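Next come two complexes built around chain A: one with chain B, the other with chain C.
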Partner chain A sequence: MEKITNFFKTFLLYELVKGMALTGRYFFARKITVQYPEEKTPQSFRFRGLHAQRRYANGEERCIGCKLCEAVCPALAIKIEVAEREDGTRRTTQYDIDLYKCIFCGFCEESCPVDAIVETRMFEYHGEKPGDLYYTKPMLLAMGDKHEEQIAKDRAADAKYR
Partner chain B sequence: MMELLQTLQQAGLELLGPAWLPIWTIVKIMVITVPIMLTVAYLTLAERKVIGYMQIRIGPNRVGPYGLLQPLADGAKLLFKEIIIPSGSNKFLFIAAPILGLAPALAAWAVMPFSEGMVLTNVNAGLLYILAMTSLSVYGIIIAGWASNSKYAFIGAVRSVAQIVSYEIAMGFALVCVLMASQSMNVGDIVRGQQGSLGMLNWYFIPLFPMFLVYLISGVAETNRAPFDMAEGESEIVAGFHVEYSGMAFAMFFLAEYANMILISFLTAIMFLGGWLSPVPFLPDSFIWLLAKASFFLFLFLWLRATFPRYRYDQLMRLGWKVFIPLTIIWVVVVAVWMQTPYWLW
Partner chain C sequence: MINIEIDGKLVEIGRGSTVMDAAHKAGIHIPHFCYHKKLSIAASCRMCLVEVEKAPKPLPACATPAADGMKVHTHSELAVKAQQGVMEFLLINHPLDCPVCDQGGECQLQDVAMGYGAPASRYSEEKRIVMHKDIGALISTREMSRCIQCTRCVRFGQEIAGMMELGMAFRGEHAEIMSFVDSSVDSELSGNMIDLCPVGALTSKPFRYTARSWELSRRKSVSPHDGLGSNLAVQVKNHKVMRVLPIENEAVNECWISDKDRFSYEGLNSAERLTKPMLKQDGKWVEVEWQVALEYVAKGLHQIACGAGADQVAALATPHSTLEELYLLQKLMRGLGSGNVDFRLRQSDFSMDGKQAGAPWLGMPVADINTRDRLLIVGSFLRKDHPLLAQRVRQAVKHGAQANIVHATDDDLLMPVANKAIVAPGELVNVLAQILKALAAEKQGSAQGVENVTVGSEAAAIAKSLASGERAAVLLGNFAQQHPQAAQLAVLAERIAALCGAKFGFLGEAANSVGGYLAGAVPFGGAVQGMNAAQMVASPRKAYLLLNVEPELDMHDPQQAMAAMYAADMVVALSAYKHHATDYADVLLPIAPFTETSGTFVNTEGRVQSFKGAVKPLGEARPAWKVLRVLGNLLDASGFDYDSSEAVRDEALGMQEVGGKLNNHLDVALQNTAATKAQGLQRVADVPIYSTDGLVRRAASLQKTHDAVIPCVTMHGSELQKLGVQSGDTVKVTQGRAAVRLAVQADDIMPAGTARVAAGHPATAELGAMFGTITVERA
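Right, the complex of A and B next:
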């Protein structure tokens, strides 16, 4: 009996019609496309975008040149040179992130003891000529100054999970 | 409509004498081919839209309102691209192949009846002509594959030729059933044979239902469309026979594929679904019915592509040789016997 029903099912294309009914239903389903420049998907406060260096509220840069981020970076994208400043504190003289190498893993951010290097929510950036995506210390600090409000909010939101 | 055409022809004859005939024929050819080309262009958009919708995406919508200018943008892009001719290729055949692929797809329209009397050439062996023309398109593919002088193109061509040749037999036998039922090879007479007081119950798809399915599926295989797109096989052999083609030469293969899809859709509508005949007796027969039926089949082509994964090659051959051909041969006999009994009502 089963053989007979199977025979007729094969010849009446039962499975095929069933499959087409499924795609047919989806034809009328609500579309989930996010039309990018006008609409954007929600971002997590842990979003790992473009890097930034933060400052304390008094304007002093946070980075103490411990080189933990340089050590942890799996892509070897960070380059740090350190020297003593006039006031005797340890500061970086050079802090470069090569975004061509960076894999946006977030390890630098994780390893930083003073929350100096962070990854912001910025992901819409580009370089127009070679070297444009080689971020130096002033560029990173400028990023931090520009987005400090959002960065602080994101750190606060993430604080209770740490 | 017919009177208008008659008066137009009369006026032209009086004005230009015998020179009018070729002009009039060219006008008629243009009236058929230009809409086909436009349909091809918008079929590409429809395909992307339909498949997008079935994958809960929205498809192209950036060029013009609802993406309606997308085909023009694609066409312009392809026109301005360089046609690269591989150094080891046979240049003449390399250029001739896309033309050979497209020409039969358009030539077959010569005998296509659009409504009562609306046909470019009313030949009595129209069905044979259509079979011949659809068979010819395989030469475009094999020449393209051979002339490219590339093993990938050649493998693609061999695969697709084997596939087309196998399915053509089943397709031909399915049409044999149709011409047995209609007792005519004239495509217009085949439609007229489906005329009757019962509307859609008079159409051949009822007594020839298995043939209808065979013809439709073979048609999908014949045009190298998913799920039978072994010739292209994006995940296996990249682009198959047209892997070496670029620019407008590539676009010609594209045009040919879509023109063939439209042709198969119209043929299925004419052979099995009564062409321009109305499905219900109280509505008048009209060209619109043919368009509606063909559009449904075109949608079905896209629907199939959105639904089914690609066949494996041996399964494809098994389906063609071990299922379709025996089925069609059996049905030819069944129809022959059936027609001798008083129970043949069509």
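Right, the complex of A and C next:
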């Protein structure tokens, strides 16, 4: 019985018709291609993009230089130097993230006891010459200042799962 | 012996032991904070609660005596519940600021909370805050709120350091650890409180916020300071020494180190470090290559040795040098044909040279000090010169030993002293003769040579004390060894020791006081004889080789030493620091301090302790043994082809056991033992604890402590009245050619007719010898 069905399918071009039907279905269906950069895909509030350092509302930097992120970083991308500031608090004098090394695992963000180092939704960045993607403390703080509103909103959205 | 069962394991332990001891023996860990094996038991933290069968409530393991047949459970439901409860209580007032705490990562509270605590706290009310107090330059108490009141620091002060400088004030929630009002913690062992603190309440001030514990690599080393040779863990980050901690060695330093050992590392990174070889050309210092500097030195030494004679070349080395450095230095000098080499810079009496049966040493293992029942300590600023040996004497006294002191000052040793004879330096020999005579009478021994002395009451009391003991020791301190009659003191002390069956020994002044003799860095004994340290500066030589010596601070007579340096044609200073040598030297060769070189120290009990470099040398500095090796090769001396410092050490020590080379016997005849009535004030010179060597002199935090203040002239109150001055006034102190102005202080610990003027400090560096007549006038 099967032999007979196959025999008819071969000269009636059944596979071709079936294939064309699929093509036709997609031809008339709604398109899902995202026209980047005009269009963008939606992002999770847990998106792990470019790093930023945050400040408190009074302008004080959050980072206390505990070096947990440096210790946890699996790619050894973070370098921190710490000293006592004039007011006696523990502060970083150097906080560098080498984005060439970074694997965006988010461990630094996870380990931070004061939510100072965070990964933002920002993923569109580039470097033109060697060293461009070596982010220093002022660059990270500037990122934080620029995106603070979004960062705070994302932390708030994630808070209930922690 | 009794049997006790812990977690099903049977342990046999001595009567009187605690459950904690038994658990240690069985290898079972019981969490604890206030318990420390070297301190008394407080049982205040309650962390070590365990379940004991048939006891209605959990019991603290540290304070519960083990009883025969006792069954203990450390992980039963009751014990775990008790431990969790205690942990929750301890954390109620603990700030949980681990991310900014220097103790974070090496904190007992953190570890125990992780291991034994509940996952969350139920406490949400306000936590208490303890305001910080300034207790000195070494210990930071900025975060006293972290304190859990274990009182380890308090007990350390009372029991080990001998002075209670911290205490607990107030009660309950208001209880806090504090020092006496407006006073700092000045103990020379205070740094150990930082190690003892199980939380981050007492932390190291110099180390504050500079590194986290997990970033540091730990390298073994040996202390280059006093004669004890404490075992150190040098902690390093990015080729920089960040801090120094003790390594436990029960036979040497137990689990303690002195502040000098702990904080001197700051001097390693001092701005004064010499990092490039320098040559003086036309009166100006220029940095040169090693090759140029070494060739210049070799040529200069060769010219002087050939032209003016080899005995015109002299070498002085600090006793803080390693065995390898001292050995190569003497080999180099003897290769040149000169025997002028010495490391005993502060010694003034060399009449025992060549008459010693071996290298002078402690005469017994360091640990045996604890078991002595009678001690006679002659001429020693014990607490400041040997902080940890003093601690051992303190333990011996606590266990019933009688300490007898013969000295020129009555410094507080922070322990009960049975008898003491405090006399002017010139009378020390006489006092020992008196003791010998009295002891000979007690023991029916020979009083030959001392028959004519009149025994005073103090000497009689000391003799009586010594005669009644079974395990006595007679020890000569730094002051006695630097004394102009050092040989006579040693002969008398040896005879006293022989009469009462005591151990007789010398307390080693510096890290290599014994090693220097073993290395042959002395003018006698070797193939070529020469001059000793005092002769070398008394009759100036044409060329000097200085191995880490600062003559104005390290020599017995700085005036004479400096005159000799200025008069010399050539002075080669091998030094880790740029110091006053820039005034008189012609070449400065940067050498590496102890953390940057491999080497060996032989401590005062003859223990050979080798160590490796912890970091690479700063700048172009090189280990001194390598510099001396190259100099030897350039001077065509034979036998300078060493591959390693170990090869040098093996050659220096030979294949013989070191023990066989140690002998305190002196073949010196006893001379006149009458007290010398000296004219005028006699100088009593101590070397302040933080002025002993180049490294501590540049350790910034130690220099801010109470022990490092500018020395003042200390005299008996009656001497001040004679002068018509009061404590605090400035006086003019004259000795030899120079005079300095210093503050004066009345203190009745000084015998009349003496003035204590410290040596080894820049403020007194212009003065003359450490002993002798000194003039004090109104300024």
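One rule holds in what follows: the second predicted complex is superposed on the first by the 161 of 162 C-alpha atoms of A that agree within 3 Å, B and C clash if a C-alpha of one lies under 4 Å from a C-alpha of the other, contacts with A are read in each partner's own complex, and residues count from 1 in each chain.
Going forward, contacts are C-beta pairs under 8 Å (C-beta built on N, C-alpha and C of every residue); 3 or more make two chains touch, one makes a residue touch a chain.
The structure displayed is predicted, hence computed values, not measured ones.
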- Message: For the combined arrangement obtained by superposing on chain A, do chain B and chain C clash, or do they fit?
- Response: fit
- Query: What angle, in steps of 10 degrees, lies at chain A between chain B and chain C when each chain is taken as its C-alpha centre?
  - Reply: 140
- Message: According to the stated criteria, A:Gly88 is in contact with first (chain B), second (chain C), both, or neither; which is it?
- Response: second
- Task: State whether A:Lys160 touches chain B only (first), chain C only (second), both chains, or neither.
- Result: neither
- Tell me which partner A:Lys3 touches in the superposition: chain B (first), chain C (second), both or neither. neither
- Task: Return first, second, both or neither, reflecting whether A:His126 touches chain B, chain C, both chains, or no partner chain.
- Result: neither
- Item | Partner chain in contact with A:Leu68 - chain B first, chain C second, else both or neither | second
- Task: For A:Val114, decide between first (touching chain B), second (touching chain C), both and neither.
- Result: second
- Message: To be precise, I mean the smallest distance between any C-alpha of chain B and any C-alpha of chain C in the superposed model; what is it in Å?
- Response: 49
- Item | chain A residues contacted in one complex by chain B, in the other by chain C | none
- Quick one: which bits of chain A touch chain B in the complex? Just the residue numbers, please. 11, 13, 16, 19-20, 22-24, 26-27, 29-33, 35
- Complex contact set, residues of chain C against chain A: 98-100, 104, 142, 208-210, 212, 214-215
- Per the touch rule above, chain A residues touching chain C in the complex are 64-68, 71, 82-84, 88-90, 113-114
- Task: Under the touch definition given earlier, write down the residues of chain B that touch chain A in their complex.
- Result: 50, 53-58, 61, 210, 213, 303-304, 306-308
